[in-house]
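Each chain carries a letter (A, B, C, D, E and F) given by its place in the written order, and its residues are counted from 1.
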Amino acid sequence: MAVNADDFFKAANLDKPMDTMKSKVGSNVTLINVMQLPGPNTLGISLACIDYAPLGQNPPHTNPRATKILTMLERTLYVGFVTSNPDNKLFAKVLNKGDVFVFPHGLIHFQFNPIYDKPAVAIAALSSQNPRAITIANAVFGLKPPISDDVLAKAFQVQKGTIDWLQAQFWENNHN
Amino acid sequence: MAVNADDFFKAANLDKPMDTMKSKVGSNVTLINVMQLPGPNTLGISLACIDYAPLGQNPPHTNPRATKILTMLERTLYVGFVTSNPDNKLFAKVLNKGDVFVFPHGLIHFQFNPIYDKPAVAIAALSSQNPRAITIANAVFGLKPPISDDVLAKAFQVQKGTIDWLQAQFWENNHN
Amino acid sequence: MAVNADDFFKAANLDKPMDTMKSKVGSNVTLINVMQLPGPNTLGISLACIDYAPLGQNPPHTNPRATKILTMLERTLYVGFVTSNPDNKLFAKVLNKGDVFVFPHGLIHFQFNPIYDKPAVAIAALSSQNPRAITIANAVFGLKPPISDDVLAKAFQVQKGTIDWLQAQFWENNHN
Amino acid sequence: MAVNADDFFKAANLDKPMDTMKSKVGSNVTLINVMQLPGPNTLGISLACIDYAPLGQNPPHTNPRATKILTMLERTLYVGFVTSNPDNKLFAKVLNKGDVFVFPHGLIHFQFNPIYDKPAVAIAALSSQNPRAITIANAVFGLKPPISDDVLAKAFQVQKGTIDWLQAQFWENNHN
Amino acid sequence: MAVNADDFFKAANLDKPMDTMKSKVGSNVTLINVMQLPGPNTLGISLACIDYAPLGQNPPHTNPRATKILTMLERTLYVGFVTSNPDNKLFAKVLNKGDVFVFPHGLIHFQFNPIYDKPAVAIAALSSQNPRAITIANAVFGLKPPISDDVLAKAFQVQKGTIDWLQAQFWENNHN
Amino acid sequence: MAVNADDFFKAANLDKPMDTMKSKVGSNVTLINVMQLPGPNTLGISLACIDYAPLGQNPPHTNPRATKILTMLERTLYVGFVTSNPDNKLFAKVLNKGDVFVFPHGLIHFQFNPIYDKPAVAIAALSSQNPRAITIANAVFGLKPPISDDVLAKAFQVQKGTIDWLQAQFWENNHN
């Protein structure tokens, strides 16, 4: 099949602010990966532009197949990741425009816009053509059928009622 | 340095039941990895023997660097893993003695002993000499200092009070 | 195609003793790999349960694509591997129930049940979804058509008659 | 050694325009790699912010260890890469703000700002923590001691005088 | 499909001198790779036999996917490679019959027969089943349509007329 | 530390016939690997020149870490490899000057010079900077201390007396 320059190109409109209001967590992730860009099929890299509403966040999640390197394009984010067992230590930082932060492969991480009246914008590169994401809250509490509340009550050391409450929320991913 | 057969050997006493009562979640993971076994330093594999108290569990966690293949040695487990976004679908199964189950690389998974009066035992192999583990509840709610409750309240779509309650529990890993 | 939990599951009956009498070397290897378990297609791991007749063995062989980590489930084995040229040193050990031993990638290795009246059982994990095996005796002497006895007589530094005798034995693999 | 959040952070001032006038080709590459950011030592990713003077360029070069994914932040670039032998076909495109383009691993590529009175800015992610760069003109003509002009005259099918002229130019890398 | 010994075999006539006169640079590369040899499809290696006319050369090029190890079979070559930015240092050597030289992955390199009346022969192995080659002169100046002379004039720091002259030469690859 | 062209160079005298008479199997392998050539430390390739006495051989062995591609430089060899279990099929071929043959990663293989009065010469490239070799006869029968003859008698389906005879031969590797 003929391949041409368009297979390596995406008019991604990354400069246009995305609607972050449809998401309960207040953010929108525009991922440019192997699905949108046939060229880099086996090239080991993808890109995401992330818009954050005021007080919006990209909630705690993992990328099971990729390290992420994030650059602040507009305003401010409070970001962090948590190291693996047994330490589970939080590495967190406030980022301003032009700052760079790395989220290591597989660890739980988040970004949060602490400003109450201004959106924030960041761009992230990921070391996989198909990095996948697992949003923790959704993958633990937002399933239908759910994980048994016997399991989750003990895992989170709370009453089953608390688990049932959590499972009753409406869960929606801000990204795929 | 001289290397000998003992670098490839571990008298692991995997046949002795471990104490699962010290753990709030009711399980004990004995991991045989590169730390205990100098030989397989770069060999890409490790092994865990897991004891489950009655109603005990190996709570929802990820292995960020490994796929796990588990074999039931004694009695019964209810096990499952959750696929990545956007589906977050639960793949679950009841395992009996002699059954085998695979947990794919990086996905959230758990094992639960549904029997109220009998322990269970399983053995697991992992496709890394240092597979690491991230216990979800601990890595999200059990940190000191914590992740800000502003972040977690929105991520889990609950009141800050619920997050504060979760963060006040005592968190202890059942494995490293 | 729809994937479901059964693609990650195998009712392997690993708890049932296998018939080790059909094999001249007195062992049976039940391999759970990518053929039996569609899920772990690219996941880099497989599993084998091995039954040993009294005085039975898993004869000298290599796994050209995998390291193997073995755990004793029942009784005793004498195991070993041989390092590569020029040392060709034997690393051997007697394993009892609950012990663990690692056979590095690509090296010639074996397991032998030294007890004259009791079977032994072990479980092994391999760092490949398709580890392959090469049983040395069979791959050198058990071919039809054979490797020329001119080649083998010089390689083994014996008379052609000895080679011809070896090639006349009936060769049967105890595992694939 | 203690690792902390600063090992994953770089106050890169990527929002400040860099001086592109010191470079004869009219561009400046600010690379954030393993040297500036100890955290991602083995994480397989790095980042570059590139400023282009009016009519400036990032001249034809290869990244021998990485694929590059570039996003336009400000204004316009004419970009392209050349496929390997025997086709040596140019894949080229004009990028505007918000557009994305991928340069495959190891191929010769360039970016050029075609606007005579305005700078351009792009951000690039590379699939290696140490991607290296080879600027073609410099690596062929800018060496001291040089590659013999007997070799280069035949390779470029020109008189030795033309090669000597090329070698007499002053060569300076716009990036490392 | 049935595979047999012929899939691993190539009657390559590597002992017959090839015609090096058809090439303007005076060399012929006979590459034995995955296209000629179906067996080593994923085996990570290929082989090239290279004939050099008197004063012929294998001109500056890169192998974007492979390291090359070259052995002199007949007479003499002057060979070299250039390190990546910022050093761009030439590592060069004269090779005689029986000598070995390594060209690292991705770097620009060449071989030149400095003898005015005798051909030379070398054999090279490459660490990829499909190593690819990029002949620098051809991939920069020999394209139709060409890279804009605005870009190349500044990149090579010469007048557009010089670039136009270079682009007007007839470019032909001595190997694929 | 300073690296220079000599780190990538070896005056290997591969054009000089080696003494093949010191080896009982009648061959000499001159391996150029990471030990002789510091440059290609992580470059994934090495090279061997192999001399065969009349009726000499490179006896059945594996390279546990590499695929080998062999080119005939002088005269004739009968070569082959054996596929893994359960087929253990011989893929064999007679090679003449200029022919090429590939031995896949990890499989048992050999080369034999069938001419009673003339030496043969071949050159081989291997897809690892440290390919290792395991000569089967030596690694099974030539150990001190030996593998128990209880194990080997059953594995090779012969009397212990035959094993003891084999173990009493003097074993010497023709290569490392």
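Please note the rule applied: a residue touches a chain if its C-beta (ideal position, glycine included) is under 8 Å from a C-beta of that chain, and two chains touch if they have at least 3 such contacts.
Only a predicted model underlies this, so the values are computations on that prediction, with no experimental measurement involved.
Which chains are shared contacts of chain B and chain C?
Shared contacts of chain B and chain C: no chain.
What is the Cα-based rotation angle between copies chain B and chain F, on a 0 to 180° scale and rounded to a multiple of 5?
120
Looking at where chain E touches chain F, is over half of the residue numbers used by both copies, so same, or under half, so different?
same
In whole angstrom, how far does the Cα centroid of chain D sit from the Cα centroid of chain E?
From the centre of chain D to the centre of chain E is 24 Å.
Roughly how far is chain C from chain D, going centre to centre by Cα mean, in whole Å?
About 52 Å, centre to centre.
Please report how many Å separate the Cα centroid of chain D from that of chain F, as a whole number.
About 45 Å separates the centre of chain D from that of chain F.
Need the CA-centroid distance for the pair chain A / chain D, whole Å please.
Averaging C-alpha atoms per chain gives centres 29 Å apart.
Going by the touch rule set out above, which residues of chain A reach two or more other chains?
80, 92, 105
Touch graph of the chains shown: is it line, ring, star, complete or other?
Topology of touching chains reads as a ring, each chain with two neighbours.
List, in order, the chains that make up the ring, beginning at chain B and going on to chain C.
B, C, F, E, D, A
Please give the residue numbers of chain B that touch chain C in the complex, ascending.
4-6, 8-16, 32, 37, 39-40, 43-47, 49, 67-69, 71-73, 80-81, 91-93, 95-105, 123, 125-127
Where on chain D does chain E make contact in their complex?
Against chain E, the touching part of chain D is residues 24-26, 55, 57, 59-62, 64-65, 78, 80, 82, 84-86, 88-90, 92, 105-108, 110, 112, 114, 132-143, 145-148, 150-152, 154-158, 162, 165-166, 169-171, 173, 175-176.
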